[in-house]
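Some notes on the structure that comes next.
Chain naming follows the written order as A, B, C, D, E and F, and within any one chain the residues start at number 1.
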Amino acid sequence: MVYLTRRERFSSAHRLFNQAFSEQENIELYGKCTNPNWHGHNYELFVTVKGEINKATGLVINLKDLGRLVKEEVIEKLDHKNLNTEVDYLQGKIVSSEVIVVSIWEILFDKVKNIGATLHKLKLVETENNYVEYYG
Amino acid sequence: MVYLTRRERFSSAHRLFNQAFSEQENIELYGKCTNPNWHGHNYELFVTVKGEINKATGLVINLKDLGRLVKEEVIEKLDHKNLNTEVDYLQGKIVSSEVIVVSIWEILFDKVKNIGATLHKLKLVETENNYVEYYG
Amino acid sequence: MVYLTRRERFSSAHRLFNQAFSEQENIELYGKCTNPNWHGHNYELFVTVKGEINKATGLVINLKDLGRLVKEEVIEKLDHKNLNTEVDYLQGKIVSSEVIVVSIWEILFDKVKNIGATLHKLKLVETENNYVEYYG
Amino acid sequence: MVYLTRRERFSSAHRLFNQAFSEQENIELYGKCTNPNWHGHNYELFVTVKGEINKATGLVINLKDLGRLVKEEVIEKLDHKNLNTEVDYLQGKIVSSEVIVVSIWEILFDKVKNIGATLHKLKLVETENNYVEYYG
Amino acid sequence: MVYLTRRERFSSAHRLFNQAFSEQENIELYGKCTNPNWHGHNYELFVTVKGEINKATGLVINLKDLGRLVKEEVIEKLDHKNLNTEVDYLQGKIVSSEVIVVSIWEILFDKVKNIGATLHKLKLVETENNYVEYYG
Amino acid sequence: MVYLTRRERFSSAHRLFNQAFSEQENIELYGKCTNPNWHGHNYELFVTVKGEINKATGLVINLKDLGRLVKEEVIEKLDHKNLNTEVDYLQGKIVSSEVIVVSIWEILFDKVKNIGATLHKLKLVETENNYVEYYG
């Protein structure tokens, strides 16, 4: 079993915000991250799949297929977008890194199966000082 | 003459947009960077000052003074903010990296003089693939 | 279960040295790393905690709480210090990266529980070419 | 149990190519990576070993021993070489990152045992956007 | 005058070799870098142009135009290629970083003028430990 | 004229301290950087030389010669050393990055001439957030 990782990037606006809370409660909880006028990040997404090496190709899966899948299903929907208002699968959610990474997992898991590997891990880097990881 | 550089970071939302142009013209010019719902970046700002080494201290200027100045005058106004709508010295401007870096220069130049050095260069990194530099 | 990581940094002096050995034995064992006049590093510490996503906040735990805990309990005691002589919980120990990372684990484990998560992993980077990891 | 990682680097030429396929089939499979005139990479290899901390030394194993082993057994045979034609243990193989990392594992596993630790993981970084990992 | 930099990357095979010298002389001069079976690198190219900020756009030039130019004229001809044998404008040259960067300058200078800016500097990074810069 | 840069690294202990000042004055001036028990850093030194490309070699100078020179004259004297007490050419100086970089310049300038190039710039990186540059 070999693990293969592809990095992709997206630059997006967001805010941390729970509409069930008052503006003041959101500020106490999220501080400057709940700024109603938004802020943003250069996100890095590391998609790790696992599988046996295909003897004919020497590859777990074709990296081009993995890259295309991640770009079409994830990056094009998130890059240069507002994560709170413009992404179908994040609608109504609190768009923390934790929630985003779980949502991307749900989008990708079956589709990675379809190209012949198993999604093993997602790592989402928000700044050089913090990131989240998810294994399903 | 020794050159001393301090790095600071800020995470902000913005869009490229000229209100003199139609929405369609803005799209032709800026592509996805003009998304009206905003996007964002983790910016890195490198502030380079120059000066003689002070014989008593061994320093050009105290790095703590430079860091405090940049944080108070630049970072606190930009970090976790919307660059188009929330920053006094960017009001009415097209908030490209080029325009932001010149605006920061105007804010910092005299204030760097006041702490005993000369502002030499600003470098503003928007993504790992592009940055701007300004020497006044 | 989502894994959340916070990076913090500290710059410290140390030497590898076992007082049960002669100076010559220390040199044979540790080479230049046992220099009695010390050397030092910019250390990077990656603290990974795990937990369920809190539905009300969208977070595993508040990153500010984790950052504050790591800074107060670890960074303030290590940063700009001599690891051999100035850190209470490293007294009498060989301050290799291996020993430091286990000592930080013992300091942090219960305290991370108190802020609502489980310490999963510590990664301590000594140089760009070597690091250690510990899972308890 | 502590995990200790050493990074080493090598710069090599290679091509992805299965001699059982026609040139056209290789192109369809590997794209530009099968260029018969070769291309190349700066590879980074992260070698992670695990073990108990030796009470007398404070170390899992001596990093110098690990570095020397990896340099002699792996780096000297790969660095500034053609991976397809010049490396004994890659002869006749498809030199994808997946295959290389498994081949290095086979070379290193017993030899790491001989210096007192257990090989836990190899990570081979081909570009900033892709890498493979192997745990045996 | 603002300076705008775009980074692009290419992964290529090459060898340092002067056909006027004997094989032995090439070895004495270039060491392992003259390996006749090639080696390779992940190169990073930083293209810096300078110009006034266009008042209507807020930009020096459109980064998309610069990126497209560099990709078409430089990257497509170098990426996944053999620099010694497959690149028209490197034919018969010693493909050191110094020679490559000057050759890229000659390709790009007029073409950067055509998109409205002046080429100021090229930086070519061969490994994390060495790079060259050229200002024309 | 092409500019060629070589990076080398050293890990050292130091403190900022002016013996003409009282301990209290040193604290007011340097803060935690004057800790009498030392602290330390992983320093990065970027040595930039300039020269014409030698037509016979395609090189400004041989990178191996530059690397050897920097290692012998600078790195071996600084690496895993105490910069305040163990380095002949820093004796009695305030070992700030500014002073260190000027001292290295004085050591290297003539010696770079002797291997056929001109020292153009030194860049000394103390942490990811600060560095100094010197052009003589």
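General remarks:
We adopt the following convention: a contact is a pair of C-beta atoms (placed from the backbone, for glycine too) under 8 Å apart; a residue touches a chain by one contact, two chains touch by 3 or more.
Quick caveat: nothing in here was measured; it's all calculated off a predicted structure.
Both copies, chain E and chain F, contribute mostly unmatched positions to the interface they share, with under half of the numbers common to the two.
Note: Cα superposition of chain C onto chain D, rotation of 120 degrees, nearest 5. Chain centres here are Cα means. That of chain A falls 29 Å from that of chain C.
Averaged C-alpha coordinates put the centre of chain B at 34 Å from the centre of chain C. Here the spacing of chain C and chain E, counted between their Cα centres, is 42 Å. For chain F, the set of residues that touch two or more other chains comprises 128.
Pairs of chains in mutual contact: A-B, A-C, A-D, B-E, B-F, C-D, C-F, D-E, E-F.
By the touch criterion given at the top, residues 16, 18, 20, 29, 31, 93-99, 101-102, 128-135 of chain B touch chain E in their complex. Listed in rising order, the residues of chain E touching chain B in the complex are 1-8, 48, 53, 56-60, 62-64.
On chain C, the positions that touch chain F within their shared complex are 9, 11-14, 32-33, 35, 37-42, 79-82, 85-86, 127-128.
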